[in-house]
Amino acid sequence: MTAASKPAAPEATPTTTYREALRAGLRDAMLADDRVFLMGEDVGAYGGSFGVSRGLLKEFGPLRIRDTPLSESGFVGAGIGAAIGGMRPVVEVMTVNFSLLALDQIVNTAATLSHMSNGQFSVPVVIRMTTGAGRQLAAQHSHSLEGWYAHVPGLKVVTPATVEDARGIIPAALADPNPVLIFEHGSLYTDSAVLPADPAPISLTGAATRRSGSDVTLVTFGGSLPRVLEAAEFLSQTGVSAEVLDLRCLRPLDEDAILASVRRTHRAVIVDEAWRSGAFAAEVAARIAERAFYDLDAPVERIGSVEVPIPYAKALEDAALPTVERIVTAALRTVGRHE
Amino acid sequence: MPSLGADMESGVLLEWLVEPGAQVHRGDIVAVVDTDKAEIEIESFEDGTIDDLMEPGARVPVGERIATITVDPTSGSQPDPAPVPAPTPAQPVKSVVPTPTPAPSPPAPVAAAPRVVLPHHERPRVSPLARRAAEARHVDLTHLEGTGYDHAIVLADVERADADSRIPTTEPATSALAGAAAPDGHAATMREATAALMARSKREIPHFSVETTIDLANAMAWLESHNAGRPAAERVLPAALLLAATARAARDVPELNAHFEGGRVKPATAVHVGVAIALRGGGLIAPAILDADRSSVDETMERLRDVATRAKRGVMRASEMTQATITVTNLGDRGADKVLGVIYPPQVAIVGLGAIRDRVTAVDGMIAVRPSVIATVAADHRVTDGHQASRFLAALDHHLQTPELF
Amino acid sequence: MTVTDDARQRLRSMLLTRRFEERCAELYSASKIRGFLHLSIGQEAVSTGAVRALTADDAIVATYREHGHALARGVPAETLMAEMYGRAEGCCGGRGGSMHLFDASRRFYGGNAIVAAGLPLAVGLAMADQAQGRPNVTACFFGEGAMAEGEFHEAMNLAALWKLPVLFLCENNGYAMGTALARSESETDLCLKASAYEVPAWPVDGMDVEAVEASVAHAALAVREGGGPHFLELRTYRFRAHSMYDPDLYRSKQEIADWKLRDPLITYPQQLEARGMEADDLQVLEREVKAELDAAVEFAEGGTPAPVGELLRHVYAEAS
């Protein structure tokens, strides 16, 4: 080499945040199909209350990036109507808490139309919302209610937990002819990863093994995944090999993946940020009890939030939410280590 | 607290298997006691109503009351005893185990304490997976110690028990597995208890021993034909044959089949042969095969397997632990040619059996190679001497020449 | 002046609705029809007049009291009756029943058993038409009780804000189940409420089928031509109970009697006779309707019970 050759500039690895990944997926879908449009509160001029749609108004105009009044039931219902009228709406409900104002449309209309019309209609609407706690947003902005929605047949409920899933989830949801609810945990938006320039499509449903292990299966989804991975790493240092199963989709539930893993490890800890009573974790635990009872070598453990409205003060909020320590302790109990 | 061994001074009451107020019958298993050597099920020797149960967990000196059994005067004649008025001073009250006589002690505090409903489990805690595995492998869960969630029995416990039970006789006390699997604290105390007992034996008992080499050609030939066509699991091992012969020899020479207690010899009325078994975590126990002189070779084999398996799980029956009248230590499987045992007090003799080997010997004036065993007997010189010991070995030899008569 | 075909069709449509519902009441009493059954007897001029004023490409969103709308839209009485019977041959395969009649081929987006829930749906249907450049109107029926719901206000605002082609048709029969309008609304002038959203609104005599038809046609034209949503208050009355049976404690017999004087199935034939309809013509229509309903009941009676083996179908869309 000659003296002129200079050291290669340290090429900054282009990383993508979860937020950017969602936006890229939405943008892809809008470019691919002009029936796709986004509507919701402050998705346009404001750029999305969590910044997901920033810049898209300029690119697609106000009819395809449509700001709505504060009328959750109205615009979610309109999204459902537009879907049965041939459009492919993506409806952004700012947070899961506000979605309660649209519960009627989601549960009574979107979920029922196909079945009660004997298949005459399908409802290809995508409804996105932020979920979860951990950001000191206090009692009315910290719910984890995805389990409620997962109760309802006719809906599909997905909980992208990685940047890769965020990148592919909106196109995958739009490709599905059914109402799909996407729950984006608020703590994930700033997560980042390096994505390929042209990412492969993802499947909407099906669980993913995020870490393989042989002693205990940690079942989780959404915003709890990073904590569970941290717990699994800690466990490995104490000699416990934990498998981490990310459910990805709560309905339809990938029961086979859960059972296959538990049948291998014989132990399960389910981590779900929702309150423990009646949480989705209870459903997972029940399925394990029903279908893998004779493979269990320890009781199934559930880790959820403490049963209080999530408080504002950081110390209080931290005390209310699942922690790595609680996950680790539960996992150790299942292997007979009571330390 | 019953005495469950000569070396036992106290025991830890682990668990009641009956509720307060339950009707118990003679022979019912009512509780589990840890003697440091083993977890032992204790039985009631009375028919009646058990009450005043001491709370489990405490270490209790031998002889202290752990419960009372109110003897039902109409016992056996009516299934439902008539309601009893609260104070029943006229009715006889017996301690749960009648002997030894309880030492004078302050009134048991539990007598006045409010009745506690004990957290005893109807079923042992066993994981579903472990239960299924135990069923498939025919592992008895009753006495396994759990190492899982909340100390439940889990798959690993069953697998360990299963691995152990595949060895019908003893396992070297120095096994590398020791301690790794067994609860360490328990193993340590068992080692200590064995040490104390053996030290006492050597300290107090003037041992002497005699030995002989016994030709086993007949015995092995008989065994071969006896086992012909049987699956491996049902074959009789030479150890059982030797044990059956020992029991019969002990019957023939009652001076060696006795206890020496309080300076007096008490000849035994039956032959209960103790079998020395090395425990994985260290230590020895010698549970008895009761009435071994009356068992066929097959029965002896079966009971040997059973007692060895259960011994490794750490829980024996009280009768097995206290009633041996003579003990056999057989190190043949481990390759030793000869073993001179240390007597288990209060017994007066211990029989040592080495490896069965082909040895050069003279038969009818000709050199021959025959299977043989070196048998020894160590005996308490306070109560017996070489004459009886030699007679014993002669009897043993005799029985081993005629196994078909067993 | 002779009677036009249109007039005969209006009369026949109202007659079919009336006799269909009377037959339903009878079959309900005989336990052939179960569940909730809400009859619109007395309100036939609204469903017949309004639906006749729409084109075949327009969308219709109706309520749980929608037998008349479905019949007026041309959903065959046979498949409707089969649906009432829970038959596989029903318009929804027996899954919907009286409150959930759908017919995608006729853009009939169904009964809806949640009061006011159809309004946002209509907004969305209109968005789809607008976005795809189709000159269609979405006609959305709802009762005056729905106007106390938030979804009414949200939907009116959205439709007006986005100038969507929605025709809001309020069937004001005076009672939300048993609650009179004045007992549930601080402002009883419903058109005034709609006007608050800058939506053109006017009241119509809902007992006059021709008035309903003319008004709806007029409003639909304005909507179709880009005039944004319109609102009509169609004043009508239901003669029977809210559902199959109720004790009618909330209104007087005199009030019912007074409204019955304006029964469109009495007044409209009288008008037509005055215009020269033969006295026999009504009997001819009655006989036609009877034959049609006899056939519908026979069809339903002979239908296949909804197959339990297909219970799980259509929870999700099936791959086509």
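Just so it is clear, A, B and C label the chains in written order, and each chain counts residues from 1 on its own.
Here is the rule we go by: a residue touches a chain if its C-beta (ideal position, glycine included) is under 8 Å from a C-beta of that chain, and two chains touch if they have at least 3 such contacts.
Values in this document were obtained by computation on a predicted structure and should not be read as measured data.
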| item | value |
| --- | --- |
| Farthest-lying chain, centroid of Cα atoms versus that of subunit C | B |
| Pair of chains with maximal C-beta contact number | A-C |
| Whole-Å gap separating subunit A and subunit C, where each centre is the average of the chain's CA atoms | 41 |
| Chain centre separation (subunit B, subunit C; CA means) in Å | 89 |
| CA centroid of subunit A to CA centroid of subunit B, Å | 61 |
| Per-residue overlap in subunit A, given as positions that touch at least 2 other chains | none |
| Partner subunit A, residues of subunit B touching it in the complex | 127-132, 146-152, 154-155 |
| Contact footprint of subunit A on subunit C as seen in their complex | 59, 92-96, 100, 102-104, 109-110, 112, 114, 117, 119-129, 131-132, 150-151, 154-155, 157-158, 161-162, 313-318 |
| Partner subunit B, residues of subunit A touching it in the complex | 266, 293-299, 333-336, 338 |
| Residue ranges of subunit A touching subunit C (in the complex, touch as defined) | 35, 37, 63, 66, 68-69, 71, 73-87, 89, 104-105, 108-109, 113-122, 124, 153-154, 156, 177-178 |
